[in-house]
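Two complexes are shown next, each including chain A; its partner changes from chain B in the first to chain C in the second.
Showing the complex of A and B:
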């Protein structure tokens, strides 16, 4: 690193921006203590096992101070497909009423973070566990959690859209979703960022699903080439609750999704899928921890990674089946496609079973295009370039088809297509 | 093109010797196929039948140790697979691959146009193409939904085989090599597939059927039957040979060859 050894770290430099953040003296004192505690341990590094594949070293040279500019990102919003339901916009982590729908579906309420709430009592001065460090950073630089409450009985059939816009500098959004008994929500989340200039987003997402609740959550990550985005999601499922996450990570410089899904009670289900697209010099990382704590739980994970150029990616997925979580059924599939010799994707599916009578399977591959498929297309007279392009598209499609047939799929597909080799050729085959 | 006449040599294989991962699969295979003929290649499992099909279609992971294969006067083994296809050689796969996301019909249209370009014909547009495909789909008893599906995506074994034959009837190859096209077909599907193949029989074309069982030959009557075992053709005959193989198995052919 070029920084002088005595230069203050990126974390230490944040000290100056704390007085400008909301809250009274007690909050400022808490933020200072939390920052000091975090600075003493530092941000996670590849030496921490859970961060083995993600290197945050580039943050040392970045200004992580919360953005204050609040530039209106109207043109960025126009590039998104027309929303099919109410849209909530958060700019640099702050709710933006002017860009957001005024009415929410019945049964849905938004409670914005209130600075009047006293700060957390402890600061964990004894050291912050590695899995809590990004959360701590979010808490000490953010404004607290904005709560979306979906009432008991819920709002079936509605899609709620959340757009997170980063304009440059640091953004620390924290969204907490509380779904009551039997509540149901389709949540479509876009993450967009500046097309030029640096941005850093340390985002926290919490979702608590009460018995029988259902959350179908889609995240489309379209940030700019100089955006570092860390999204830490913690999902807790009660009995028969159903969580579905579809991730499409197309943009960014370094992106990491940390998904911790806890199946607390019997009959819960978690279905996770994602497409990580790491072309150019992008890095796309996913780490999952699916924790089966009760019997009759179901989880599956389907992740596909594509890396080209000097792109990097990783899938680091762990399933834990605790004692007593009998009749658990769990599947993990991670397949990765390397389009060039300088691209790399790491995959590490892990399984820890402490219960009897469970069905768990996992598979992981990283490689180039399937030779059997390639040969098949060649024997039909297609040239090699076209055949390769089609197979790459087919690989990506494996995840994109999970987005259904609507405008979101089309928008995402056309963005993904544009970045594949021989895009024009592919379009002739997929119309 | 297509001044190919009945009786012209389409494929001429001489002393073909092939290994896969260091193991010799074909050793000194000879076979001559002329326009207008249907040849059946039969043989026990592991005899090299599929290897022969794949080598002729141009699969890369086989090593040609010796011999030649001439197709319409050209050195077939020197051509990449896509060039073989464009020159009218079609392989019907034993296990057609699924390519989800790539539309069946678009693939077939691209395949047809690659072939037409090669022989100096204009490309067909989407409208003309659909008319051709609909016509052939009727013959293969495939329903409309097929038009919207990905290549072999979610097809049953029988549907995949029908799709292979559909492709063949659209592409109208000069030489069709059908690798175990009958495996996994029930009797009704077998009839449909056979109709498709028979519709293509003409004095200017040739068909090589690779099969394990005689029953396909009840529906597609071959002019020649060959027994492939130990990497070469051990015995050739007419349709009667297939019936005898069904009755007596393959051992007697192997014994005869050993005694000779």
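Showing the complex of A and C:
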């Protein structure tokens, strides 16, 4: 990959903010080297295959320097539904003890990143692979990984809430989850950002699930209209581990979730689902890579995209079945609704199969609301606007119903409804 | 599963049946390509100045391009300077005037291939423009076609007799700089077929070309241009076999189809080039650019392909649907066995209103082969009411082969409906068991299932090809699964 003359400027401006970051001289040297290496290749562009549908050009004019203002986002937190379990709050990527629960459930420990740890031994002098560029940006501007450890055999039923708040400027959170043998956790993650002003979040999440562990992970993305959010998740599953991810992407200007799930040992399962709501001029992107490396793995993906106005959405999903990963069962479903004349949806459901005893399928559709359904509702006396909104609501409900019946779903639903015309009428119908 | 290893080896080890080399003196250029080679080819063909300029422009552009590597294909780098870019059977002064003038050895070759060139041609009802290496040597049924006003001739003849048509249409669907291989082809193409169907004419017979790569070390650069004028209708058949050889041979053809108002083009291919031996030695490298444009209202272009040969296949027959209400179709069966690699699919570009496209792709992988479907469906903002349906299924036979599906769906118009579905599986043991307990042998059972798997594509083939295709499939695959 050749250096892009147009890319480095936003990155080059970051040089000045490096000395203010935690760590000693060795860290500063490492950060400088990493920044130089990253600047030489630039951030990903649509010319990079995995970023074909996401354009980060607007970052050129943004200030990516880590945010320094620690405004307490209390009002934003109050707008969230009442926590169903202990809540951990990260403000601009930094753990905020004052806003977080003081006590964690038994078996759950939080180990914050310690600046005493020496920087990574690897120098990124050689070209940084496309899939590692956002991670490199996170590492060189962040504070290191905060570890959340769930002890082996942890009793099921723990629910934990993590709220990531961006206040403006750059935020570089890195959370590493470590689930021991048979551990179990329900993790509800909110991402909120400033309602006014620019924000940039390059977030990294790692989760390692030991044998028989279970992680039910829900991400509710409610960032502001000027927030660019890149969330890079890497999940590795040992034997019989079970990972579930539910994504509801409602906010942001350009947001992208990169999910890499590796099924390392037999019997692992991954269930991914998401709703991408790209109204206005929002862009919502999801890229998944589910890598079946062992036999008897199961994965399914269910994504629904809605693009209205000048919104854009994309689903770029790949399932890889390695040689020897027999008895793999995999499904991908991507359905998309285009509501605006200038809206656009791109989908790319990919299969890469290297074993014969497998069952893999994918389906993708993109279209507008069904005329027959609309007609039916019109004959029942609904006006066109309400009928359209109701059908759109029914479409997004496919994913929302996976959130259960609790306050989270209600909160998300009411926010989604608020974006549809005739919200009040629909509430009457579905209440 | 229960097939004996011996069965498997017998069948998998089957030798390529069309492997033979005809010994004819070739008038061949030394290996390598530069502007002089392009000029020599153009001069040998007696081409007008505009075509030489066109070739040179393409060549200069090609030199600035890099070989694409995005395909799921792995092969040793190709040295484009080690290939000879021109090879013609020795001509007698002005070339053969009739079949009697044609080298008997050449005719023998066709005989082995079963090309219906003599009376057999009439019986088969097929007009054949046989391409032997790079120069077309004989064309039959000229009269019947010319009565209908149909032009069907070698490309080099069209250059001389119909330069105006050529200048108007050549490179308008696949521009000379379209991609690396198309640019190379545009610079050094030697021959091919040219078809023009006049307004309102329904071509009285199916047109057929047999391609055959013969001389050692000569890349074959064919150029086919088919123009269907308003309200016309044509069905074109292309079939290929090649002699056995140990060196990799490069083939980079370009096919352009143009359908004007209400015209209908059906293009069918059976490709059975030498796939290399079971260790992946030898075999044809097939990098083909095929594209049709539905330029007129309510026009239709249909691609049907059965791909069983070649060591490397890189081929995406596409449709640009610019005319309102035009229709594009793609039906494909791709079989890869032993060490073969195929990266094939289609592109459907919807530009006009109410355009429709259908894609049905069936991939079969066996041995250690890799088979990839790669397709793009693009709906532009202007394509109100566009509709696409895509189905691509893969069948795996053996645990060391690969089947990949990379569909790209890009929708820019809310009035469009696009559906894509794909499955990957192997032949079910329960299906085999059921058929075998009804008294079928294991082989027959596999054949039946594979033929059923491919049926929706085979039924689109013209009758002559449907039979050949089923035979080809049986030879390529019988017993690969047990």
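As a convention for this text, the second predicted complex is superposed on the first by the 413 of 431 C-alpha atoms of A that agree within 3 Å, B and C clash if a C-alpha of one lies under 4 Å from a C-alpha of the other, contacts with A are read in each partner's own complex, and residues count from 1 in each chain.
Keep in mind that, in the parts below, a contact is a pair of C-beta atoms (placed from the backbone, for glycine too) under 8 Å apart; a residue touches a chain by one contact, two chains touch by 3 or more.
Just so it is clear, the structure is predicted and the values come from calculations on it, not from any experiment.
Shared-chain residue A:341: touches chain C; no touch with chain B.
More residues of chain A lie in touch with C than with the remaining chain of the pair chain B and chain C.
By the touch criterion defined above, A:375 reaches chain B but does not reach chain C.
Contact with neither chain B nor chain C is seen for A:405 once the two complexes are overlaid on the shared chain. When the two structures are aligned on the shared chain, A:384 is found in touch with chain B, with no touch to chain C. When the two structures are aligned on the shared chain, A:428 is found in touch with chain B, with no touch to chain C. Legend: residue contacts after superposition of the two complexes on their common chain; A:78 is shown touching neither chain B nor chain C.
On chain A, the patch touched by chain B and the patch touched by chain C do not overlap at any residue. For chain A in complex with chain C, the touching residues are 49, 323-324, 326, 336, 338-368. Chain A makes touch with chain B in their complex at residues 370-373, 375-384, 386-387, 390-391, 393-394, 396-398, 401, 428-431. The touching residues of chain C, counted against chain A in their complex, run 70, 72, 381, 394, 396-426.
Of all the residues in chain B, the ones that touch chain A in their complex are 57-61, 80-82, 84-86, 90-91, 93, 96-97, 99-103, 106-108, 110-111, 114-115, 118, 150, 167, 171.
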